[in-house]
Amino acid sequence: MTDIFNPFYAQIAQNRLSHWLESLPKQLNDWHSGNLHGEYKQWMKNIELLPQMKADRVNLKDKVQVTSFEPMPQGLQKKTIHHLMQLKPWRKGPYHLHGIHVDTEWRSDFKWERLAPHISDLSDRYVLDVGCGSGYHLWRMRGAGAKFVVGIDPTQLFFAQFMAVQHFIQDPAVNLLPLGIDDLPPLRSFDTVFSMGVLYHRKSPMDFLQQLKAQLTKGGELILETLIIDGDENTVLVPEDRYAKMRNVWFIPSAKALEGWLKKVGFTNIRLVNIDQTTLEEQRKTDWIDTESLEDFLDPNDPNKTIEGYPAPLRAIFIANA
Amino acid sequence: MTDIFNPFYAQIAQNRLSHWLESLPKQLNDWHSGNLHGEYKQWMKNIELLPQMKADRVNLKDKVQVTSFEPMPQGLQKKTIHHLMQLKPWRKGPYHLHGIHVDTEWRSDFKWERLAPHISDLSDRYVLDVGCGSGYHLWRMRGAGAKFVVGIDPTQLFFAQFMAVQHFIQDPAVNLLPLGIDDLPPLRSFDTVFSMGVLYHRKSPMDFLQQLKAQLTKGGELILETLIIDGDENTVLVPEDRYAKMRNVWFIPSAKALEGWLKKVGFTNIRLVNIDQTTLEEQRKTDWIDTESLEDFLDPNDPNKTIEGYPAPLRAIFIANA
Amino acid sequence: MTDIFNPFYAQIAQNRLSHWLESLPKQLNDWHSGNLHGEYKQWMKNIELLPQMKADRVNLKDKVQVTSFEPMPQGLQKKTIHHLMQLKPWRKGPYHLHGIHVDTEWRSDFKWERLAPHISDLSDRYVLDVGCGSGYHLWRMRGAGAKFVVGIDPTQLFFAQFMAVQHFIQDPAVNLLPLGIDDLPPLRSFDTVFSMGVLYHRKSPMDFLQQLKAQLTKGGELILETLIIDGDENTVLVPEDRYAKMRNVWFIPSAKALEGWLKKVGFTNIRLVNIDQTTLEEQRKTDWIDTESLEDFLDPNDPNKTIEGYPAPLRAIFIANA
Amino acid sequence: MTDIFNPFYAQIAQNRLSHWLESLPKQLNDWHSGNLHGEYKQWMKNIELLPQMKADRVNLKDKVQVTSFEPMPQGLQKKTIHHLMQLKPWRKGPYHLHGIHVDTEWRSDFKWERLAPHISDLSDRYVLDVGCGSGYHLWRMRGAGAKFVVGIDPTQLFFAQFMAVQHFIQDPAVNLLPLGIDDLPPLRSFDTVFSMGVLYHRKSPMDFLQQLKAQLTKGGELILETLIIDGDENTVLVPEDRYAKMRNVWFIPSAKALEGWLKKVGFTNIRLVNIDQTTLEEQRKTDWIDTESLEDFLDPNDPNKTIEGYPAPLRAIFIANA
């Protein structure tokens, strides 16, 4: 059995998530003794080799930054960068770790700035982020006052990246579990649930919306960010094959249609608070990824179209109550 | 354990469906020892009280009709009608049983006439009907030459109605199991799969299409009938509440959109063979139902609209190959 | 899924064992897709290579013998012997197959002669043999009139040997399933249950006796043969390590003690019908085994002792009613 | 979900028992939402009504005693006795709770005195008591220095009695779980495992011994107390019906036989440290039980015999290593 999650279990045993213990330890142990990614052990070794630094100042309010009074010596910084680079591609960020700028593909802080003014104050809240990637927003949620933050994402590399950041920040109230939404029982315990960039990857968007609702306390708040297209309440794009080179894209509704879906599964007080077209400033190639990025996904002759000829990614943020 | 399905097990143990024995008997036994409908026993008692008649002539070619050389005496006919009436509402039909005309709400033969010219010859085929209701079309499939016909429908009243008809016809190659599609393992064994009037009731239409595909042999034929609306390939209606007074309506795509969905899950050779607006001749109140019917579901001032103001039911038939 | 057992399923679907379908097909399929013995495929290939011979005369009354009017040519007989020899060691028998004498380690017919006079007439009975080995006694039970005979034994080689004999005899009413008693639900369906040479191999003899009882119809008959030692009602030998070179020997009670155990779990009308010390005539080395036999298991200086110094095998036959 | 065990989960999440979280919370929740004893709620209400008293002095060294500097007022003592009396019969004890002497049927301290000189020092040990009753010995184990003590007993009344005692003592390192040995995975984590008065209640004593072994660390110590009879290594009493009026008595071996069993399942360094015949001083009727006691279980004319004529209870204590 893996010991990684024991501190998490000890925490939830004594908070409102204790009923999660009925299923979680078995799931995570099955996960750990199951088909781990071929490089998982290598990733973990890189994390073990990261230097021990005192986290004298942690700033999660306007970025994700940790520093110590004694700056990291240059040689150690070089070694640290080397180990972090083994965890490429770094998609969501950026992180500022003892002077090292992990310049990720995404400026995820842009998205946070767009949504932050609209959400309920996170102070003292239990918060869940479904599809949290490496966990960038988990830190910002904590910085905004959340009492206990849980992110889930089944991608093991993102888990490793989170562990690397957590290695430096050391905040037990911020946790990432390598799970998908299908692994979660209906916990009905979070005051706020975020899900950003997941809905269009779900074969059954209605089941997904119900699963999100089932994690919320009565009246809790959902922040849902997803791809949309222009159109009326009956407009839904189902790309036959890839969309912006992504496999596994199923339903992209219009904002009006998505509003109807949220209503249908029982959300109330539904508000569309932001629509935004992703720019090349927000998602772009950096030294921390070695794959393609947005510019490669769009039509070179018309940035308003994907390479397949669909409308270019337009992203909407909805807020609603359970 | 219930014995009702033993003859079915004996048959599949010796045909290409034998692998179904891995799960089916346990499921059906759980079903039978579980929460049966409060009137289930009463229904079965009515079936036991039906008279034993020789089935001298069975016509499944152009209707569903059984007669014996010796006609049923009038008194017995009256008693038989009484027992059959206990199984109201009779939705799909009609049936002609020893001179008794079970005049069902639906003229399901109309639908059969619309699709029959377009489907592959059913001779010697294994055929599955998903959401078969009382099983009217099962008999017509058998009449069209099918070797082994299985219908599934979780509504217990429809199972009882089927048992009443089977009581008179006695054809072991025609079977109805009180199950839903979620209860089926991927059998990959049917040459033809029908699903009529189900898709719009599924919360996840894509999962449903994949489940249908998983029942077919490689290259097997799907006949899919469902509600559609007018529109382009990105048009999908998701009624927020009821549609034509039906609860539990989720996705009603345009014909173009549905074609795209079928393609997306891997069907080939997709053909739209019929579009039809249900008439008051095809679905109407008779003595064999005591509920509302189509006329009550439409806008009294505009038969092209449902009572909720949505487009009136338009039904499309698609044929495709797995 | 394996097809081997489909004829068995078809039979039980229509007899009193139909409830067994709730668990059996899944178990046998798991068995077949699980960890088969490394030589299993080779054994099955040998069985496929056995010649097709008409079974004109089958004698199961006083031996297990099958012949055809046309005797098997000598060349073919040689080849057949070769294939059968690939299934060594042959422990229980003997078999007489188209002139071939499979001279097994055990003269299992001796045991049959000892018990036959004491048991209830098997005519028209459903019979189970728990730990049936290659199935010699299954044939004798059938020869004694049993309607449907099932043997279970988890040893895959014995299953292969049975399939070889069944290849020549072709009697669908005689079946061997590669299962242990722990795999059986409480069927409560057999008129007679035999268990010979198993009890002392069970870690929990009381559970075993209850499992046997649970296979019997109310009032059904148990024939239990097992090792015993001399002693009073409180005498039970538990060898610390091996017994007569056998690993996995747990409890060897006295006859009196075993009688008490049978009573304790609810058997009635308990009769000790035979006690016998196995002779070198009954169990001995032949050309059909290439392992040690009884003479090697006993103290060379005192045939009344095992090589470990325990009392030599004494075997008792009990008959009792459920 | 019940919250009673959350503090226990929080503790084991951070000690060597963390792998128990894979199964335990689900089991205990199933237990709590399952068939609780008809009076369980009433028992719990009595515990809630017990007064809050400071535990200024806890003596677990030579008895189980808790007192506060401020003695409990007489009126409150009367009320407290009333609530504790609702949890009758009190079998194992005695307890001294703020001046109240819970004078249980058994003087369990006698047994402790007999075994204490022979066991390994419990200091800093993880200790399990299988079949712990109301948990008297758990307190004594803690008093002897154990770091973490777990008792299991499926009888819900004993759980309630333990909760009543724990209400006054408040020691999180002492825990009782309402489970049987069959509910435990092979934890291989306890330095010492006690099982007193259980073996003869097990239908399969060998499985039981293996289950005890599976709870121990490699080399860990078993203290096994059970009924024995006089006899040689092949002597085992299996009472056909009751023994000393107890139902559910299976195997009572001689000391020699039990030694062999322990050896057979792999224990080493097996020592018989005590044999004792229970006296009427150790087990007798008091105000805290309202059922029969030892004197009723013995032959009135011969205290060396049970009322059924078997040898009177003789109890042996074995110590062995895993």
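Each chain gets a letter, A, B, C and D, in the order it is written, and its residues are counted from 1.
Operating definition for what follows: contacts are C-beta pairs under 8 Å (C-beta built on N, C-alpha and C of every residue); 3 or more make two chains touch, one makes a residue touch a chain.
None of the values given here were measured: they were computed from a predicted structure.
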* Check every other chain and keep only those touching both subunit B and subunit C; list them. => none
* **Euclidean distance of C-alpha centroids - subunit B vs subunit D, Å** => 61
* Structure fact -> Distance in whole angstrom between the CA centres of subunit A and subunit D is 50
* Would you kindly tell me how far, in whole Å, the mean C-alpha position of subunit B lies from that of subunit A? => 44
* Which subunit A residues touch at least two other chains? -> none
* With chains as vertices and touches as edges, which is it: line, ring, star, complete or other? => ring
* Given the complex with subunit D, which residues does subunit C contribute to the contact? -> 203-204, 206-207, 229, 231, 234-241, 250, 257, 260-261, 263-264
* Asked: Where on subunit B is subunit C touching in the complex?
  -> 1, 3, 6-7, 9-10, 13-14, 18-19, 21-23, 25-26, 29
